[in-house]
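Once you scroll down, you'll see the structures, which are given as structure tokens.
Each of the two complexes below includes subunit A, the first together with subunit B, the second together with subunit C.
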Partner chain A sequence: MEFVFSQLSGFGEAFVALVVDPLTYVYLITSVFLGITFGALPGLTATLAVTILTGFFGNKIPLDYSLIALLGAYVGAIYGGSYPSILLNIPGTAASAATAMDGYPLARSGRGGEALGLTTTASFIGTLIGTVALLIFVWVLLLISKNIASPEKALLALFGILLSGTLMSEDLVIKGWIAGLIGLAMAMVGMDPLLSEPRYTFGWSYMLSGFQVVPVLMGAFAVPQIIEGLRHVEAAKMLKLQGRILPNMIAIRRHMPTITRSGVIGTGVGALPGVGEDVAGWVSYGVGKSVSKDGKNFGKGSIEGLLSSETANNACIGGALIPLLVLGIPGSPPAAALMGAFKINNVIPGPTIDPEIILRVVAIMVLASFTMFVLGLFTARVFIHILRIPQTVFLPVVMVLTTIGSFSVGGGINDLYLMLGVGFVAYFMTLLKYPIAPLVIGVILGGLFDETFRRSLLISDGDLSVFVSRPGAAILLTLNVTLILAQVPAVRRTFQALKQRVI
Partner chain B sequence: MKFGIAKLAGAAVVITGLATSAFAQEYPYRDITTAVVWGAGGGTDSINRMIMAEMEKHLPVSINVTNQTGGVAGSNGMVYVMNQPDDGYTLVGLSESNVTAAVQGGWDKKFDYWYPFIVGGSPDLISVPANSPYNSLQDLVDAAKAAPGTIPAAASGAGSIHHLNLLAIQNGAGAEFKFIPYKGSAPGQEAAIAGEVALVVTSLAEQAALIEGGMLKPLAMLTPDAVEIGGNAVPSAFSIYDGLDKYLPLKQAIGFAVHNSASDDVKAALGGAFEKAIASDIVAEWATANNYDVGGQYGVEAQALFATLESTFAYTLKELGATTVDPISLGIEKP
Partner chain C sequence: MNNSDELVILRARDFWTSLVLMAASVFFIWRSSFIPLFGGNRAGVSGADWYNSAAIVPLGIFGCLLVLSFVLLFIAVRSGGAKTALSAAGVGWNRAEARRFSTIGVILFFYVAGLVPRVDFVICSGLLITALIYGFHLGKPQRMLLSAAIVAVAGAYAMAAHLPRSEWAQHDDDLLALVLWISFTVWVVLQNRGTRLAWVIPTIALTAPLVLVCAMAFGFRQNVPNRGGLIFKQIEYHYFVSLKPLWSR
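Entry: the complex of A and B
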């Protein structure tokens, strides 16, 4: 209990420090506005918003402020995706795909204003639920993580890559794994962390520092997105916004159980490594459908359905930051971009991370969700106007921004070649329906896996039993093996047969 | 129109020429840029930002600090500054770790290419996890002598200053540990806390918070002086083992440098501002708060220090098989 109080007082101090600094508002309002815009424009995603801002702000302004910009954009973009979902039936970001299921029918029946007001409130409460979870669980995990050594880290990194591959894949799970393994292979390039020998550099000194995170992020997330957006310009008819946006507090109170449940689900999904807001939205929507009394109306314009996905995707943000801050394992693709920002600032997330950074992140999240709430309620009509900007105008602008951002972090032309090369490969992978997020997770966690796996063996003199003899490692190994075996057809059939026999 | 541009260009040339001749004696007349070869927020970066802010007060111009990271041992930034004119308007922010860039193939210059200014460094020490059975350096060394090469010891990458300190204590005390490299000091310290390794060698600045928090137990300083931290007196390893002075101290040297080919005026102007900055209270307070020792050497004296570091690092790396260029071919003498 004492621990909770000390947490709260620490948070209070960080919050006050943030509130009294006038610069905070400059960064916060701009970035949340920018985030909502990115989220609202179909074809631009939350990941892209955070990635581009990492390129621009990452090492130009102090980390304290760049965190405000990045988190503000993150919160705003996840929320902003709900606009086109409701008004155009096109999800602004993948995170809002489930929102369109009920949002669009609601808008068609003239309840668009009500739907927007409710999603705004739900996103706000969702973000706060995720943030409270972050404040509490990050410390619990930090205590545990002090005992995490190389074998556990290696298995955790592998689990992150595999899980991201399993859940982010559109059709075959193995495609997600292949993407993850390509990322893992890319992470091997550069100076070997244990023996200080160059690997796969072909004598080119640029490659000695390995694939740089920001150009890879830009190439993987931005380039395919932009090409795809320009190839298929979606011209849907926008519905007129009817009704008042300010939400009815009685309605909110009535839906509180749904909002709370979805918030908890969203946070939980977010905490899984490499699994993002889109999965959170769908899982919560699915759970809502089977749990809610209104379940049969899901997909036909149910407020409950709308709230299920829209609360969960925002709650996911706080969840995704937990493994990022404690273990350096990003919980979602935008968190991977945040990881990039930490890396270029030489902050190493992990058990010895400066606790002040965590408290500041929490304070920023709270302030960002308030800003998002206010902007959403009072400037919604501005964002609806932004929705009218044609993709053919803003996508090329974003491409230019991406290029500048990619160049400005390292300041070398080679970074641009790397970005374009990765982008080219990523585009064709997208065409073949290979998910891109596991590749990026692979690049980020691959180095950790390689280093910790080999270090474990170095300490144990090559004895593989270190991965079983430690209790934490044994549990993680079991998880990894289960994840892989669950995809083997023979095993799956056996399990189904067993299940039927038991039932 | 063409004529107009030509005229303008001509005028510009004349004015520039005049300006150069008029101000040539008075370095510096325009802003100075310091390119730090390590990332923003790191030790070298924060030291440079601090000292440059202090030096600005004693110079008529301002100094901008930027970061040029990447390459081998910070070679990108050093190559970048090397390619700028040696007029003293582009400085390079660097540390002792950069002396290995040449033997690792990052660039092809000996370190005396620079005219360095050393702000300071934090002394290294050897620590064990708080619950470790070893309570003194003797305990640890005796255990290592009983089972050579089995006690895992953490330090940052092969050939880093902390690795060299570990090797030095091994040679000086006659013990052999099992070196486990980590990417930087923080992961190595985390590994020690998690019990993955039995000891860790990093600098006092990096360990101070963990020692005060009771997570690491300091055994001995690898410098001649004992230190008191968090209420614990930490003895010097020199007072425990005789003959350590043959191998130690190997200390961090963080600071900045200008081209050695720069004119004497430039060196004198920078040296004057540096001396005043180093003597200021702000630097002293900063050093105490962050557990750094203030250096203050520059010019020939600093070059001699870096030359020692360079040859020690180069030949240690060569023995480890981690060099791509033979130190002899660069003219680096054996220590």
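Entry: the complex of A and C
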């Protein structure tokens, strides 16, 4: 009990410190507004919002303000994706794909205002559920993670890459793994972390320091989006917003069980390394369809269906921050961009992170969700106007933003060449249905994997049993092996035959 | 195009991708042999054991990549990807899409590699925005080609005339890019008379880079490309000499 009170008092102090600082509001309102705008514009994503703001707010303003800007944009963008889903039947972000299933039919039947109001409220409550889980579980896991040593860290990094590759693949699972391996390979460039041996530098001094995270993020997430979006598209017919946006308290109370369930699912999915808001939205939607009394109406304009996906994708944010802060493994693609921001600020997320930072992150999340709620309810019509801007008009500006952001963080023109190279590769990978998130997670975790894997071998004098002799490592190794074997057709067939025999 | 057609195209592309991945894996495994695996002495530090080696993890990564590319090849061949891999229809060749991508590729390449390091950021970004909006808003091939050609001329001149870093401060490439941008803008305005594009393109092309570069340089105090550029040099001079003393006194 004492632990809970100390947590709450620490959170209270961090919250008050933020509330009394006038600059907090400047960064918060601007970043949440920008985030909702990025989310609302089809073609721009939450990951892109966080990545571009990392380039801008990077390491030149205090970390607190930088975190306010990035978390505000993250929360805003995930929510903002619901606007085009409901009004245009086009998901603003991948996270809102499930929202369109019920949001658009609701708007078509004249309940667009009600749908937007409930979505805003559900996103707000979902973010708070994820944040509370972050406050509680991050500490429990931090206590456990004190016992995590190099073998566990190496296997955890590998698990994050494999899991992200498995769950983010649109086509074959091995494409996700290949993307993760390419990311890992990119992280091998430069001086190795233990012996300072140059690797794959081809005599170019710039390569000695390895690939910088921000240009890789910009290249991987922004450039393919720009290339893909620069095409003539007939403007989709936007439905007229009918009905009041301010939600009815009775309706919220009636749907509270759905919101709570979806919030818990979203947080849980977010806590899985490398799995993003889109998966959270679909998983929650699927669960909702099978357990809700209104399940048969899902896809035909069900409020329960709408709330299932929208609550979960926002709750996923808090969940995604848990592995990021405790283990240094991003829980989602935008969290990977956030990790880039931590890195350029010389903050190493993981068991050794300053506890004050975690409390500040929680306080910022609470403030960001309030700001999102207020902006969503009272300025919704502004964002509806923004939806009318064609992609071909705003994407060139995004290219300029990406260029100046990428340049300013590293301060070198070589970073721009890297950004463009990664961008073209990422575009072709997207074309061939390779997911990009595992690649970025591979680049971010590659250094950690290399260092901890070799350190494990070093302390055990090359004895590979170090990966099975420790209980934590043995569990993680089993998870990794199971994850791989589960994709082998022969193994799957055997398990299915066994299952049928048991039944 | 139905789903099965798309899958056939995808597998044909997977066939080629697996070959590229195999070649890349073999190349990097060979390059890994340059890193001492069994011993070696670097700066007086002896790395005598295999598990100390900086090559061990990269070898594992490229080894796994090689295995996975064989698996991908197997899947592609089994799904008929190899049969259709040599036909244009098989790999899903789309001329319009190839032209769209190539023109965007040319514009982005000359912008990043040629213009940003050598030409004033406001000028080159204004030219980029004008070219991308005009070229791709309506999806007309002639417009795409014209936009790509204009950016390519400006970028190629900057690269050819001032390739080494020591010459990046010269201004003749700035002037050429500026003349091209102004002429292009006049052309765009004339072509789109009476439409919203006629004023949207020049307004965004001028204000977006100007506001961004000033916010970055003077607001966030971050580094910006080409500080000695034709326009930015004047802005910076007047900011520090004419404006800043007003509130610094």
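Assume the second predicted complex is superposed on the first by the 501 of 503 C-alpha atoms of A that agree within 3 Å, B and C clash if a C-alpha of one lies under 4 Å from a C-alpha of the other, contacts with A are read in each partner's own complex, and residues count from 1 in each chain.
In this section, a residue touches a chain if its C-beta (ideal position, glycine included) is under 8 Å from a C-beta of that chain, and two chains touch if they have at least 3 such contacts.
Quick caveat, the model's predicted, so the values are computed rather than measured.
Once the two complexes are laid over each other on the shared chain, residue contacts for A:S205 go to subunit B alone; subunit C is not touched.
In the superposition on chain A, no contact is made by A:A133 with either subunit B or subunit C.
Of the two partner chains placed by superposition, A:L324 touches none, neither subunit B nor subunit C. In the superposed model, A:L181 makes contact with subunit C only, not with subunit B. In the superposition on chain A, A:I436 contacts neither subunit B nor subunit C.
In the superposed pair of complexes, A:Y417 makes contact with subunit C only, with no contact to subunit B. Once the two structures are overlaid, the count of subunit A residues touched is higher for C than for its counterpart among subunit B and subunit C.
Touch criterion not met for A:L53: it reaches neither subunit B nor subunit C. In the superposed pair of complexes, A:N147 makes contact with subunit B only, with no contact to subunit C. Legend: residue contacts after superposition of the two complexes on their common chain; A:P351 is shown touching subunit B, with no touch to subunit C.
Counting contacts as defined above, subunit A residues 194-197, 411, 458 meet subunit B in one complex and subunit C in the other. By the touch criterion stated above, subunit C contacts subunit A in their complex at residues 10, 13-14, 17, 21, 28, 31-32, 35-36, 42-43, 45, 47, 49-52, 54-58, 61-62, 64-65, 68-69, 71-72, 75, 100-101, 104-105, 108-109, 111-113, 116-117, 121, 125, 128-129, 132-133, 136-139, 200, 204, 208-209, 212-213, 216, 220-225. Those residues of subunit A that touch subunit B in the complex are listed here as 59, 63, 146-150, 191, 193-198, 205-206, 208-209, 212, 344-348, 350-352, 410-412, 451, 455, 458-459.
By the touch criterion given at the top, residues 56-58, 60-61, 171-172, 174-175, 177-178, 181-182, 184-185, 188, 192, 194-197, 199-200, 223, 226-227, 230-232, 390, 392-393, 395-397, 399-401, 403-404, 407-408, 411, 413, 416-417, 419-420, 423-424, 427, 431-433, 449-450, 453-454, 457-458, 461-462 of subunit A touch subunit C in their complex.
Against subunit A, in their complex, subunit B makes its touches with residues 39-42, 45, 67-72, 75-76, 105-106, 152, 157-159, 178, 180-184, 186-187, 189-191, 193-197, 210, 215, 320, 322, 324.
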